[in-house]
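Below, each structure is written out as structure tokens.
One chain, subunit A, links the two complexes that follow: it is found with subunit B in the first and with subunit C in the second.
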Partner chain A sequence: MDKVRKNKTAIILFMLPAVVLFAGIIIVPIFMSGYFSLFKWDGMTEGAFIGLGNYVELFTSKTSGFPKTVQNALLLAVLSVFVQLPISLGLALLLAKGVKGEKFFMAVFFVPVLISTVVIGQLWMKIYNPQYGIINTALHAMGLGAYARTWLGEQETALFAVFVPILWQYVGYHMLLLYAGIKAIPTELKEAARIDGATEGQISRFVLIPMLKPVIRICVIFAVTGSLKAFDLIYVLTGGGPAHASEVPSTLMVSMIFGRNRYGFGSSIAMFIIFLCFFFAISIKKMFKTEVE
Partner chain B sequence: METAKGKRTKKTLLYAVLGFWAVVNIFPIYWMITFSLKSNAEIFGENIIGLPKEWIWSNYSAALTTGNMGLYFFNSFIVTGTTIALTSIVSLMATYALTRLVWKGSKMVNNMFMLGLTVPIHAAILPVFILLRNLKMTNSYQALIIPYTAFALAMAIMICGSFIENIPRELEEAACIDGASVYGIFFRIILPLMKPALATIAIFTFLQAWNELMFAVIFISDSKFRTLTVGIQTLSGSYTTEWGPIGAALVIATLPTLVLYAVMSGKIQKSLMAGAVKG
Partner chain C sequence: MKRKLIGMALALVLAMGTLAGCGSKTETAEGNAGTAKGDTALTLWSIATESDSFNRAYTQAIADFEAANPGVKVVHETFENESYKTKIKSAVAANELPDLFYTWGGGFSKAFVESGKVLAIDGYFTDEYKAELPQAALSYATYDGKLYGSTYTTPVSALFYNRKMFEENGIPVPTTWDEWMAANRAFLDKGITPIGVSVKDTWVLAMTHDALTLKSAGPEKVAAALTEGSQSYDDPDFLASAGKIKELVDMGAFISGATGLSNDEASALFYNGTVPMYLSGSWMGGSIVTDAPNPEDFDVIPVPVLSGNAQSTDFMGGAVDTLMVAAGTKNPDLAGKAVFELTRGISKYAYLDGAGIAAWEKNYDESGINPITKKLADYAAEATSFTMWFDTLMDADDAGEYLALLQGLYVGNISPEEFVKAMAAQLDK
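Right, the complex of A and B next:
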């Protein structure tokens, strides 16, 4: 058997496709992005090496608007953690109590996760439509027509109008993870707390939620890194506009590279997104670890 | 102790919350299906949220013919199907070599793949675009299939890894004693036993590839190879005033997912949980 397990040809044959794909499409391109980010380059003519010039521009240029995009992404991350996750947790706790129709509610709450963000974006675009959209129609019907707005077209409202569907779409996903986590907690713990006279609320607060820490940690990581990578819904709904009001790093990157041929500058944005994702993933893991000790 | 009445109000409240959230989740889909069958007059005023009074099936033929949704559906089907097949076989082979074959560096390579779980696809978009352009491969099915497969691999290998743990090594040893080669063991023993893992990977990869937008926008400019997500974007650009055909296109794009979900919701939920076990 040892001989079989150490068959060199087999090892190479089995590993080759995965390694070639992974290296060719992910690892090497990351290094290439890093390399490109050191150049002022339009993709056609010869690039000029400018060292960290693009990174300096990221944070000092007033016209690129990059700091604002990071701020928007971080705001989305904060909303995900402090609005979206609590809703998910609340729903998971309610469902895990064993209500009638548990399976049905579960299935329904999960539907938005499965549907293409493009479809969801198109639907919300119509929900927000200033003339015929459901929101404005409802406002007019209730005599609140003064509050009707061009939700996606005004600088003050665009950002939040874009955030609502993003947050809404993934509530079901976090809920599913948390629900599974709650179900995995031995029922004896709950029983013991109940015998000691704990109310339902106290059981949730002092028994279930502390036991859920590992799942909550995963949810927080997903919520934060997902916010940093957010692209599809914003691209469909506003394309980052109006006047960059709803711009996030990834939409800025795409418009810099493919709209304005700023390959080097766009690459520096890409590198910064990777950096942020790893930075937050690692710090969140650390944060939860120290808290457990 | 709680009174019976208090308990009942509590219960009503509980169902009110759950019911409200269910409506919030299901309404956009209900609305999409109904307005895909309505005329503009109904959508824009007469009958905004009710069932269609007159069922306009021609919205669907408009989406399929002038909107080209038939072709885009076919393209998405080819791209997603091939991506699933490739991801399954490539990740299974790699997982087998990583977990059951013995070689130096297997741990390190495995960790490398797990890093892929955190890397955002943006990281690669420009270099991959340049690569495809130099190989004259933009505007082809491969332009999407190859990157989709590469980005699905990390998750697929993780899923395979957790499933392969449950296959006892003794099975392989017995086959070896019977004279099977490493390939025989892989194809006759491992592959058939890994079917549940492959189902999980298929679900995961389906959702990713079917719904992907960024690569599809940038790598494909020829409408011959356009996939559904980009097709819908184009359609909504050209049909700004007529919502019916757009609704029909949205339904066409969503139908496979909804049918799949109706048939196997439990399995799909479990599959998506698998992605989070190790975080």
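Right, the complex of A and C next:
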């Protein structure tokens, strides 16, 4: 076995399929997007090289509203980290303690992750429907009809109306990661703390959460990068509208490329999303590392 | 040593397997198109899915064509409308177009033609066809003086209304803008929201705005501003129609929540008698028959005129549904003939089904057609001009900006003045 491991030809041969796939599906397209982003190109005819023109337009064009979409995506990232993750952590701690029907609740919270996003989108569209949606119906029933609105159709509410299902959908996902993390912590630690007189809250705060840090780090990275490339639910629920109110970089990219034949400009948005994802993933890793030391 | 060899051999097999997996894909795709020995197969892509009202017409036209041309088989593949827009663009880019394909004429297909992937079919447009298909119907399939496609239907947009609701409330059917506004006010006084629209599916709002713009600026001025660039969009006539949209929004004439409703949801409110008016394309005539509980309550009128620049016989619409031939087809002569034969057949069968207004001459019995479609066909036959819907007429980038600006105008982010200025800036780009 050692012989094989030292043999360079074998290493190369065994890695080749994975490397070819990885390069072909991820690395090459990234570089191609980078290349296309330097062109004014409609995807079909010959493109014209315009250097960094697309990137300049990203930040100067008022009508495409790109800075606003980045702001929306960052807001979603903040909400994911400071609202979604605490909820997931709370649920994970609660379930890991051994609530009655632990398995059942696990399944219930995890179901939204399994359901197709388009189905969830249709579901929430019915919930938000101004005529017969459950939210407006409930408001009218409680005599609060004045607060009923077109949740997905008004600029003030559309952004938060699409964020709620996104946050809700992935609570179960993070909960499962954290739950598994908690279960992996040796029970002796908890027992030792209990013997020393720690309450349940203190055990969670001073024993479990510090031990969970690597898992939490992963969750934060997933939550932030997931928010930056959030697309499907927004596309189904509002398509980025009304008047760009709920637009994020990825919906803008799709409407630019496929709606308006601006492959070059769309590619520059793609490059920016990739840059942001790498930037945050690396800086989050750094942040957690310095804290550990 | 032996083990090492086996390991390397296995790795090689694996690697080959992956590569072979990539390679064989195209082969099977081509294999699918093949048919029985000796048959020539033409592949046709369209959006006439089984639930589409044109599906039956396509099927019948294909059957007729196959019967008239023994040994020829048309393989009809259908796709959903929105996803097809993406599919056809990537097929052009990847050079994977089928022999015949459905597309939208005007600005949408401009890039296809410019890329050289579409076959010019002037040579196949024989006198027989010329006698039955008016040249005017082909204006959106003509690029730089050359013909690249043929059409089968001439849709127009018009104001559909619920006659029963007008009668019950004693409100006269409007023929001028002032009468229309009076009718809107009368409905609002009775607590009825007068007009259905979808802003989420912005093309519905665009249809309303397009019609008002045409009736305000007139067909020549619209064409000059949108396609020729010889007229600025920043003009009082264009400002007028944008202002009318704002006026209608401000008076509450459009259904509440239109920004969050899709066309299906909004038009359902028209079919079930919640709102009395809906501005849409002639296909709504067919939908009323299938979707409304009382189709006989409904009727249609041309959009009222706003100024002396336009007449009531100027219509938004025109033959944009186009079949084209790929430049890469192996049987250009057969495909060139098929494109006219098929569109002629679809024109007839779709009209008889009430699915669309025939673009080709109607040399057959048309007595069984539903009255709304018949009326629309008469409008189209007497039309003095056709102007394509703006989002099809303009190229994709301008169209996208137009729809985004319209949303902004509707929700009040921008004023009508800012709207026409932004449109002028986009069109000048």
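Note that in this section the second predicted complex is superposed on the first by the 268 of 293 C-alpha atoms of A that agree within 3 Å, B and C clash if a C-alpha of one lies under 4 Å from a C-alpha of the other, contacts with A are read in each partner's own complex, and residues count from 1 in each chain.
Everything below uses one rule, namely that contacts are C-beta pairs under 8 Å (C-beta built on N, C-alpha and C of every residue); 3 or more make two chains touch, one makes a residue touch a chain.
Bear in mind that the values here come from a model prediction, so they are computed numbers and not experimental data.
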{"item": "Subunit B versus subunit C as contact partner of A:Met287, first or second or both or neither", "value": "neither"}
{"item": "Partner chain(s) touched by A:Leu189 [first = subunit B, second = subunit C, both, neither]", "value": "neither"}
{"item": "Which superposed partner A:Asn261 touches (first subunit B, second subunit C, both, neither)", "value": "second"}
{"item": "First, second, both or neither for A:Phe105, with subunit B first and subunit C second", "value": "first"}
{"item": "Which of subunit B and subunit C A:Val4 touches, first, second, both or neither", "value": "both"}
{"item": "Contacts of A:Val78 with subunit B and subunit C, given as first, second, both or neither", "value": "neither"}
{"item": "Greater residue coverage of subunit A in the superposed arrangement, subunit B or subunit C", "value": "B"}
{"item": "Partner chain(s) touched by A:Pro17 [first = subunit B, second = subunit C, both, neither]", "value": "both"}
{"item": "First, second, both or neither for A:Val56, with subunit B first and subunit C second", "value": "neither"}
{"item": "Overlap of subunit C and subunit B interfaces on subunit A (superposed complexes)", "value": "4, 7, 10, 13-14, 17, 21, 43, 131, 258"}
{"item": "Subunit A residues touching subunit C - in the complex, by the definition given at the top", "value": "3-4, 7, 9-10, 13-14, 16-17, 20-21, 42-45, 63, 128-131, 150-155, 238-239, 241-244, 255-256, 258-262"}
{"item": "Partner subunit B, residues of subunit A touching it in the complex", "value": "1-2, 4-8, 10-11, 13-15, 17-19, 21-22, 24-30, 32-33, 36, 43, 91, 94-95, 99, 101, 105-120, 122-127, 131-132, 134, 137, 168, 172-173, 176-177, 180, 215, 217-218, 221-222, 225, 228-229, 231-232, 235-236, 250, 253-254, 257-258, 263, 266-267, 270-271, 273-274, 277-278, 281"}
{"item": "Subunit A-facing residues of subunit B, complex", "value": "14-15, 17-18, 21-22, 24-26, 28-29, 31-32, 35, 43-45, 48-49, 90-91, 93-94, 96-98, 100-103, 109, 112-113, 116, 118-128, 130-131, 146-147, 149-151, 153-154, 157, 172-173, 176-177, 181-183, 185-186, 207, 210-211, 213-214, 217-218, 228-229, 232-233, 236, 243, 246, 250, 253-254, 257-258, 261, 265, 268-269, 272-273, 276, 279"}
{"item": "Complex interface listing, subunit C residues touching subunit A", "value": "3-4, 7-8, 11-12, 14-15, 18-19, 85-86, 89-90, 92-93, 111-112, 114-115, 117, 199-200, 202, 256-261, 265, 395-397, 399-401, 404-405, 407-408, 410-411, 413, 422, 426"}
